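The structure's right below; bear with me while I get my questions together.
A, B, C and D are the chain letters, set down in written order, and residue numbers restart from 1 in every chain.
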């Protein structure tokens, strides 16, 4: 099974992005039955998804697993749905890395309002909590680049009638990112890597 | 420098207590210039402090560093003050491990209302955040066993005119403890152990 | 303009539901240009939406505005989207008022994954914050009865090619509901009623 | 019984302070058996307490009840203890209204570390929750102007061996203050005024 894992470059006030570190680490893992490919995406509306689609066409994966950091969350959270909106607020309040700040605009004119991710989110969540890692299905990927990546990837797969499974999983900030913001929950990169290995195994089995 | 580190047994609905694991791990550390001694305290009002005092008298430490878990906190939090009250609410709502649930009672009749910890809390907090671990001085150790341990230890030291430095540091829940409560922030035992080593080094230098 | 406002009966451990009080109060309001009709819905999956549809057919409103309480939120939150899922967790962990606890099931087999509400959510949010009431568009109505009501109502309107506008707005708990849970944010019924009047005026103008 | 109620002027980024509005409103209340006097204090370290002491000497109250706003809290919170420290962080991160930003300094050299408030906090909390207003005893008034006012007032009373009862109660932000920060819990001025009347009645009876 070929799995394409995407992470993001840093954004806003962040100097690093744990998902970039995670995909670089994952690129070297040997897991039986899984051919791991990775890509780091730009934090720019629409370009994030366009870059991922290029890679999908080059790699031809069975599964696309996108990772993003959700500063403020304490658990690993597989996303249930991508929605057809781009809007900057909260984490995205500085706009994307090109400086654009869309205000409640659609991502794709005439696209479906929302599309469900097709990863085995329930099985992933159960396996994570069983292995001692806090996890929960999330009902909103927000309206920033993470949602954009998920929504457009799901549209891409659906339009082509493709069998590719696709989804998005948010991870918490790392301790290093949040050492001066003591109320922000964190998860160390070691635990995040352990979570990612568990997730890959569940995807392989489902 | 001889440092006596205390942790606690589990309490309430918790099946384990990371501070028990931490002190057991610390008992085997070799850190230059520090003679580490450890003790695991009962989660029972008054007995917690009595047990620690026995150990202080047996060990004759230069510093007493007590550790406790604060479920819900995301950072390592050195406590500023112990106060003369015992009261069960929040985490302690099930009462202590003997089943007692005091209601806003003093710990020591006629004792001072509050006593400041004498560890170098500012230096500890700065060293932790500099090393990428979220930390902040806390202004309240609550009214449960942690505060009890801190308050009575500070009284004990003060009454004897002793030169012993004493304080209390809260750590977050571990991922394993909170895997089914995804809104509870966590810190892995690895990061907690790294934090404890940093704390010990700061105490040695100050 | 005829506006049908729905509220809910109590659920879970709640003894009252502020949205029931709100719609009863609103039934007596005289607001120029608005014919207010109200209904209180059962907190039972599927029945909530069926009961609302009966009322829509009887009343033939121009707008359907559903209200629900979101214990834990501090602001008035118009919902962006309803999704095709029923799942009990969080507030809904006791199941619905019939005792049913669906586990990540669709509401309508073959229905669209998500549908956007058609109320002027941006204008509502701006008018509320301008009048001193905390408000924000929410990206998730959850997976309990509130989302069920929103999703099925949007499906109903879409299937019929109807011009009815429909949406859902969550309000915080009231102080009376949360007096013994001091960490739960609240908004008094007076402020909620002021918010509802502002919302109705915005709907009339848009 | 003569009760001196203090509020504060605005501070930091706040344009108004609900405790100023509350004491101005309370100045006109007629409550049997209570002679209400009020004062609005400057948000400047040490001056806050000095101004309150002037008023205590002029008014000769039986009780001093200080009010402050705690942005982020959702309940009315009588404070248990004032502590001998001044330190700017969190709400006070902009420094006081004179621009001073003390770093973990004592308020009074050689003063006791902490002093308990002498208001009937338990009875106040119970009466508030019984009347449908979220309330809880707080174990920390922070290290900003509120704590300063409480600590120095308690020192003043103790040094003089006075029979004056003194304490501090924090109230939440109002909806108007937080309309653009939707995650900040609020309590309307109406509910705060109802709370204050309840508090005054409890003080009269205890």
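Note that a contact is a pair of C-beta atoms (placed from the backbone, for glycine too) under 8 Å apart; a residue touches a chain by one contact, two chains touch by 3 or more.
As the structure is a prediction and not an experimental result, all values here were calculated from the model.
Engineer: Among the other chains, which touch chain A and chain B together?
Structural biologist: Touching chain A and chain B alike: no chains returned.
Engineer: Give me the set of chains touching chain A intersected with the set touching chain C.
Structural biologist: Both chain A and chain C are touched by no common chain, going by the contact rule given at the top.
Engineer: Looking at where chain C touches chain D, is over half of the residue numbers used by both copies, so same, or under half, so different?
Structural biologist: Over half of the interface numbering overlaps between copies: same.
Engineer: Compared with chain C, which chain's mean CA position is the farthest off?
Structural biologist: B
Engineer: Any idea how many Å lie between the Cα centroids of chain B and chain D?
Structural biologist: 30
Engineer: Using mean C-alpha positions as chain centres, tell me how far chain B is from chain C in Å, no decimals.
Structural biologist: Once rounded, the distance between the two centres reads 46 Å.
Engineer: When the centre of a chain is set as the mean of its C-alpha atoms, what distance in Å lies between chain C and chain D?
Structural biologist: For chain C versus chain D, the centre distance works out to 38 Å.
Engineer: Of all the residues in chain A, which ones touch at least 2 other chains?
Structural biologist: Within chain A, no residue contacts more than one other chain.
Engineer: Touching pairs of chains, all of them, please.
Structural biologist: Result for touching pairs of chains: A-B, A-C, B-D, C-D.
Engineer: So in the complex, which bits of chain B are touching chain D?
Structural biologist: Contacts found on chain B: 80-81, 83-85, 104, 112-116, 122, 137, 139-140, 142-143.
Engineer: Which stretch or stretches of chain D touch chain C in the complex?
Structural biologist: Contact set of chain D toward chain C: 74-75, 77, 128-136, 175-176, 178-188, 190-191.
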